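Pasting a structure below so you can have a look.
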Amino acid sequence: MDWIFLAELAINGALTGLLYSLFAIGLVLIYKASSVPNLAQGGLTMLGAYVVLALSRDAGMPLGLAIPLAVVIMFGLGFGIERVALRRLAGRPIIMILMMTLGLDIFLRGTTLAIWGGTSRSIELGVSYEPLFMGDILISRIHLVGATVAIVLLAAFMVFFRTRIGIKLRAIADDYMASWSVGISVERGVGLSWALASVVAVAAGIIWGEIQGVDQGLSLLLLKGLTVAILGGLDSILGAVVAGIILGIVENVGADFLDPLVGGGSRELIVAAVLILTVMIRPHGLFGRHDIERV
Amino acid sequence: MQYEVEAQPILSMNSVEVLYDNVMLAIKGVSVQVEKGKMVALLGSNGAGKSSTLKAISGLLKAERGRISRGEIKFEGTDITEMLAQKRVEMGICHVIEGRRVFEHLTPDENLTAAAPMGMSRSALAAEKNRIYGYFPRLAERRNSQAGYLSGGEQQMLAIGRALVTQPRLLMLDEPSLGLAPFLVEEIFSILQKINREEGMSVLLVEQNALAALEIVSEGYLIENGRVVMHGTAQALKSNSDIKEFYLGGGEGTNFHEVKHYSRRKRWLS
Amino acid sequence: MFYRLSGVRHADYVSDSRIYKVPTDRNLAVFFLIIGLAAPFIIPSLYLNSYMLPWLIWTAAALGLNLVTGWAGQLHLGYAAVMAVGAYSAIHAARFGVPWEFALIIGGLASSVIGSLFAFAALRVKGLYLAITTLAMQFVMDWVLSHSPTISGGSHASLQSPTLTLLGQEITSDRAYYYVAFGWCVLVTIFMLNLKRTGLGRALVAVREKDYAAAILGVNSFYYKILAFATSSFIAGISGAILVATFFFLAAPEQFSVNVSIQVLAMVIVGGLSSIIGSYFGVALILLVPGVVNTVVASVSQWLGMQVNVETLAHIPNAVYGALIVVVLLIEPLGLGKLYGNVRDYLMVWPFDQLRK
């Protein structure tokens, strides 16, 4: 066994995993603030990346201007999604809300591709592709940058949920009716969570777009993001970090063992297996809240 | 019925009709007045329209696809019939909804924080929390445990405390005694009375437990089938023979074999 | 007026639990049955084959999903995988020389077995978690399909379906394909219509409303959940097999991918949960409208002399499909079936309800 190789797999896996966490924040945020599963995060991420591209490459803005502008646009879009699509479904059974987010995902993906086309492009962040060596271990720079962004955002949101607005958002997730009764604006709260998730989608879209190109492949991150979110516990931000790292390592190391056995492409299988096992063994994940069901 | 008319009422509701889903008429012209600093009870059996009345006042009807189709509600002289629920809370109406719905995954402390108005300063919030823990010492002991695991009585206290953080001038409670042991009901009601006395907060109380409610309120309304069928001081209601028989139990007919129920129909229904 | 209720009295339980309580409903059903039978002689074969046929088969499939999602209340995002099992088993059996009648049943049974695996997830979790687990199972099934050449049929991962032969008749003409699909859809519809009236249907509804409350009433929710999944998977399997045998002619893993699972669920929800007529509407809307819109956009842009990007044109159906889901859920979360019900309720008392106002 080549330990250095294994360590390299594990470290790069962990970095990739943190990028999954970055994607998963979008799900966790919305679930934590409104108990709505956000299956549209794939579409949002894709749209976020395309908006940055459209502003920087098509409209010729420098990235330093294009990215903040994209953040503002997506922030507004998040509020819009709540206003148009989710407000009327508040309090409806989960299946309809699930379908609504799936429908949004399909719509966002379809519209994005209809406007900008499906050819893969690059954002050209300017991060060097030159590999970085830590001793004998090879690390990708862009992954390192992405992981840093992920950790900063995750930490920021952990603090955010301790503030008064954050507590109000968690209250909304618990009970819409009770929140209304004490004067919390549920609509604004849910809108804020979608807006923040859309901003996260810009970050995830830029980083992932830089790694694998901006195309419809970005929306396929949903399965991995879901797995991270569920493994971490859906409403736990700390959980998303830990779960991301775990999934990244398991996926990278596991695929290295499994690929030769099954002839490649075992990554998706590993992710799906982790997801199924999590739900079967520990549905509330590593750090998720237990739902209290009283008869 | 003697009933003294005082200064301008804090809440006045004039022949309000509530319609759910555009078809179900839940209340059919209810008029209720609450005077400043008074405690008023809405009595009535299940499905009479008491909860709908409270929701009409607090603006929570919209969440259940209901709306006010006729009539008007005034709070301190301002028309609030069409106002958003959130705005009404800012104005000073707070509704403790039925069934002790605390924020289960938050601690009692966070429950209180969640209800605080955005403009309230940090120190004011801390003082407010202390005031509420003063009323409900049991909550103070468990301020950092998960609210979902509190006992029924503690959850009710938390729900009331959470409403108090919003600084209401009119507190509305929907069946606070539901499913609680009699001594807890007594405890909660005496705290309500204390808050009412000390802070002059007006209280509108919906109760099934008419006996307990009439002990603490000064006047009451009886609602049946979406209409107010009787209104009077607590004393008058307590001594009314119909109320005694249908809501307080007992009444004249001590020997139940001889009571002819058909002759003692609620005569206001006909 | 249109739905005359006068003279319709239900004096006993038997008459009250009839499928069609109002004669007009029955007449409508008979009318559409006749239309359906006559369709091959009315509708040009191009439309018959590219619209009617898939519509009917997908409706049968959607009804199967409706059984498990609408009636039993179990979210299922891996339905296409179950259909794939049925399709592949039936085709392999037919290629092996088993008569098609049995091959279809083998496909259905194989689907039942695999579909019951999904039920074990349903025994552990519900709601969102169940949806996500079934989604993950779909990914696993996809992977297995595309990574095992013995199942998916060689390097190109496509499997030729042998000629469909039923009751000694080789089925090769468009009309014959249509009748197979039509017959299967009618069969499933009759089954679903009767389901409401049986103990099974009532037990499923009890499980949907609150599984532990149903358990307290003596409904074995464990048993009924598995039964619901097994039955719906059986329908899925045969629908999948018929779909390949009469429409695709070639089985490929992409025909049963995650997107297809989402599409079937969309059909059921847009149509309306536990609404049979709704499933017909839902399938029609989700399956046919995006294509129609695309054709319209293409021809309008041509007519206006505008140049529409090929890629734009290729992605419009997807955008429309997503928008349809969103819009229907916004208008009526209970779906098209509920909208139809509203119209029907209105017509039932029309014009006499005007008198009340």
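Letters are used for the chains, namely A, B and C, taken in the order the chains are written, and counting of residues starts over at 1 for each.
Throughout what follows, a residue touches a chain if its C-beta (ideal position, glycine included) is under 8 Å from a C-beta of that chain, and two chains touch if they have at least 3 such contacts.
All values derive from a computational prediction rather than experimental measurement.
If the chains shown are joined wherever they touch, the resulting network is a simple chain of contacts running from one end to the other without closing. The chain with its Cα centroid farthest from the Cα centroid of chain B is C. In this assembly, the C-alpha centroid of chain A lies 32 Å from the C-alpha centroid of chain C. We define each chain's centre as the mean of its Cα atoms; on that basis chain A and chain B are separated by 44 Å. Mean C-alpha position of chain B lies 49 Å from that of chain C.
Contact residues on chain A toward chain C in their complex (touch as defined above): 37, 84-85, 88-89, 92, 94-96, 98-100, 102-111, 113-115, 117-119, 223, 226-227, 230, 262-263, 265, 268-269, 271-273, 275-276, 279-280, 283, 295. For chain B in complex with chain A, the residues that touch the partner chain are 58-60, 63, 85-86, 88-90, 94-97, 101-106, 110-111, 113-118, 148-149, 159, 162-163, 165-166. Of all the residues in chain A, the ones that touch chain B in their complex are 90-91, 164-165, 167-168, 170-171, 173-185, 289, 292. Chain contact summary for the complex, chain C toward chain A: residues 69, 75, 121, 124-125, 127-129, 131-133, 135-137, 139-140, 143, 147, 212, 262, 265-266, 269, 273, 309, 311-312, 314-326, 329-330, 333.
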